[in-house]
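Naming follows writing order (A, B and C), and every chain is counted from residue 1.
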């Protein structure tokens, strides 16, 4: 389409985690990349590196990505010790190279958690999140027969709070960032969304017990209220949702 | 898990159940700290005041024993479940990060929680030996305190310990309410402020005693 | 082969009801004996999988992503239309129908579009019941906003993440059926072949993207909901993984491809800024509700936007289309932006952008109100461009966004291959030559929740299907085809990477088969695409092996198919000697430079039938009958 002179370019040293498969031992490999435009996104930078690697007969770095606009939740890596890189409320695909300086060493690691097995390099298996949702992260309503959309009013504030929680993209950054690799923010957000809406209340008890039970089974760590998840969440979902989940769990478990 | 069977135990055995026990026992210790601090503050009112406080406390008799048993029970639960959680959390990430940076959520209190906890356990044992199980027939508790704290090394150890307790409490206090399910963000910010005030009160209230005693003796 | 659209008789408003009554039903006890394969887990595929499983069918669902929740429907921002008339502003099913038909420049089927408008209301009810946090008024009622191509407020939304929320609703319903054991989910699987036995679609060959192994899956019907082909242009608003392979594989097996040249260019995207760029980011069209589009009157004007006085700004949409102003349909808005840039009035470094200015709205409503509506969009814009939209006008330019064309389907959403159903963007059915904003979500969910459950039953009830197992020779043949192709791709070991070819294809299509088209350019493009394809099969460098997680190989297969659809697109554009909606052939325009239709000769769907490698596809015509609306020159003045 159009070609523009790149305004500013930087050189970087990449230290990337390479791992052939889930049961193979991984290691870091170092690559030098030159003339990275600061207008590039982080993943575009990796694209360029990969293209050079393919041309020189090497195995390119595998990484998950899809929408590249911060909503599908496919991408993610720990960059220099930060999930999705150093910017607040940003997925890796939205991180731009203007946040790096010439000569930087960039360490790129996959999400690390017992529950997320490495598939290859930076690609991890997050199907455990699907399992948690399958345990109860929905309202059991068959298609057809729903009452009119306006039949049950939903207070605006509740709808907004539900939306705050529902914004989760299931990327797994909360688990990656948590010092304990806990999935409570992910689970808390889904439970909160449905607790805040009248449509979700009939199943609230069952849902809380089932989802939390499943989460416990899958090998995540426990929450110690460190709030790292909230700080790294690309959608900035609050740990208030974890508190709400706790509350729902007690209501369901004791009452 | 079978939720309908042994539902109560099941609830407590889950990750959030364990957190709940940590929170409730932790808050129990916070209440104990308030009572303990209130008692200790009578030292500032002089020897008589402090001794009479100690006597009145003793006079409660079986109530005190009950409270002590309760605290012991709390301590066992807090320590063992805490240790188990620590183990589970460690296990949840078999391969560690080469670099992991704080994103802004963690505090000194939260990062050091297991370690400050372990230290506090050690301190409490010492503290009980020094002041609780000490032979009190020849001297009043006030005299024992005076004597122990006049050793500058001990005083220093005690002050450091109190800073560590304050650090532990700085995370523990608000964290307990978060675990209990206080999801209202206004209340939560209030509780965070209260947590800071509480940990300062504990740190300063207890920690200043040896300095005061060094000063008066 | 004659294409029979199977549109039921009777008055427009009764067709769907009557058809549902006439469709044969499958006995509830028999439903579990039928296996259905669903490819794709976007709004259409996810909702279809869930609903078919609820009805009792055995469903197998496939997606290329690691989770069904990541399908690209998730990126839809603005909203979903429904004819609820909650705002009491004169909306009705008829008006939604009419707007959609007119918006599509009278190149869609009346019956399909009317059914879509009818179903739109059920979709909202269903989604609310699923716990989708739609925006609400203070009184707790559902809120609406207006969208391009309509003069009523009928768009329901959940901030700028409507697609995400609707998809997660469908994903939740799907998850429930997976838990119930009614759906078997296959993630990281790519459908590479359709298996046709006795002229009916009976299964697929999928590649496990992690292990590289091929899997054969037999079924009684196959439902494709695999999205559109916008990525043929390399740069588009589609996700990186969005591809046409499943549909092209079906096309090669006999499913006709309809209207491939109908490609929507979304007017409000963040402009291109470099050759390494991998995708274009959309800014919701809802911004045009409050934003004003302008360029400097003087092409030589190099001043920053805030220093250009009001009188020297050309609010070209408001001036040219006072009736709809900034809310004209997407094709009109996109083409107008291109016209301004072609006149040299474009802004920014590349001169390929126009301003979208939110300043007046902030002054009118206050910053808080505007932030509430568009805050997340502004944040996204700032992340990408490092410019603050509150202070300086955003720069936008059209980008490839949606493909109205797709596999040809009849009223039952069944393709030319019996037993192969096509839903959502993958089919061609409802949008004609241009899709209105907030209609894609509506169509995807209508197809999945409310149409396919009935029509597939009608097919299964009357088709006499023998039991077919994966060891049938047709599966082995298809599997061999896949194997051969993968081996071929890997064995070329040429000099150019897959992306390199893809970029070049995108460039050819953008230049010659883009927002405006000329016969000369199209003819040139046809040759260029053919040459590029020939070079691809001799000089591509893939690397790695076929028995592992190999993202370069995945891309290679997809680009090979984009080359095919690219050619088909150009062939179709050449055949359609008129302008309509998004298809703007410069030879056919009104005095005011609007698209000039030729209803006499081109009031039809152009479908293309595959005739083997190296042969030209065969043109098939499905005439469009308009009994209820008058074909007029679209006017948004």
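The rule is simple: contacts are C-beta pairs under 8 Å (C-beta built on N, C-alpha and C of every residue); 3 or more make two chains touch, one makes a residue touch a chain.
All of these numbers come straight from a predicted model, not from anything done at the bench.
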With chains as vertices and touches as edges, which is it: line, ring, star, complete or other?
-> line
Set A-C beside A-B; more C-beta pairs touch across A-C
Just how far, in Å, is the C-alpha centre of chain C from the one of chain B?
-> 61
Centre distance in Å when chain A and chain C are each reduced to the mean of their C-alpha atoms = 26
Which whole number of Å gives the spacing of the CA centres of chain A and chain B?
-> 36
Which of the residues in chain C come into contact with chain A in the complex?
-> 47, 50-51, 54, 65-70, 72, 74-75, 84, 86, 122, 124-142, 156, 158-159, 161, 164-165, 168, 171-173, 175-176, 178-179, 185, 187, 210, 235, 239-241, 272-279, 281-282, 349-350, 352, 379-380, 383-384, 386, 449-450, 453, 497, 499-500, 506-507, 510, 541-544, 549, 551-552
Touching chain A in the complex, chain B uses residues 1, 3, 7-8, 10-11, 14-20, 85, 88-89, 91-106, 110-111, 113, 171, 174-175, 178-185, 188
So in the complex, which bits of chain A are touching chain C?
-> 1-4, 6, 21, 37, 39-41, 43-44, 47-48, 50-51, 54-55, 57-60, 62, 64-74, 87, 89-90, 94, 96, 98, 119-120, 123, 125-127, 129-130, 133-135, 137-144, 146-150, 152-156, 159-160, 162-163, 166-167, 169-170, 193-194, 196-197, 199-200
Listed in rising order, the residues of chain A that touch chain B in the complex are 15, 26, 28, 78, 80-83, 107, 109, 112-115, 177, 179-182, 184, 192, 209, 212-213, 215-217, 219-232, 238-250, 253-254
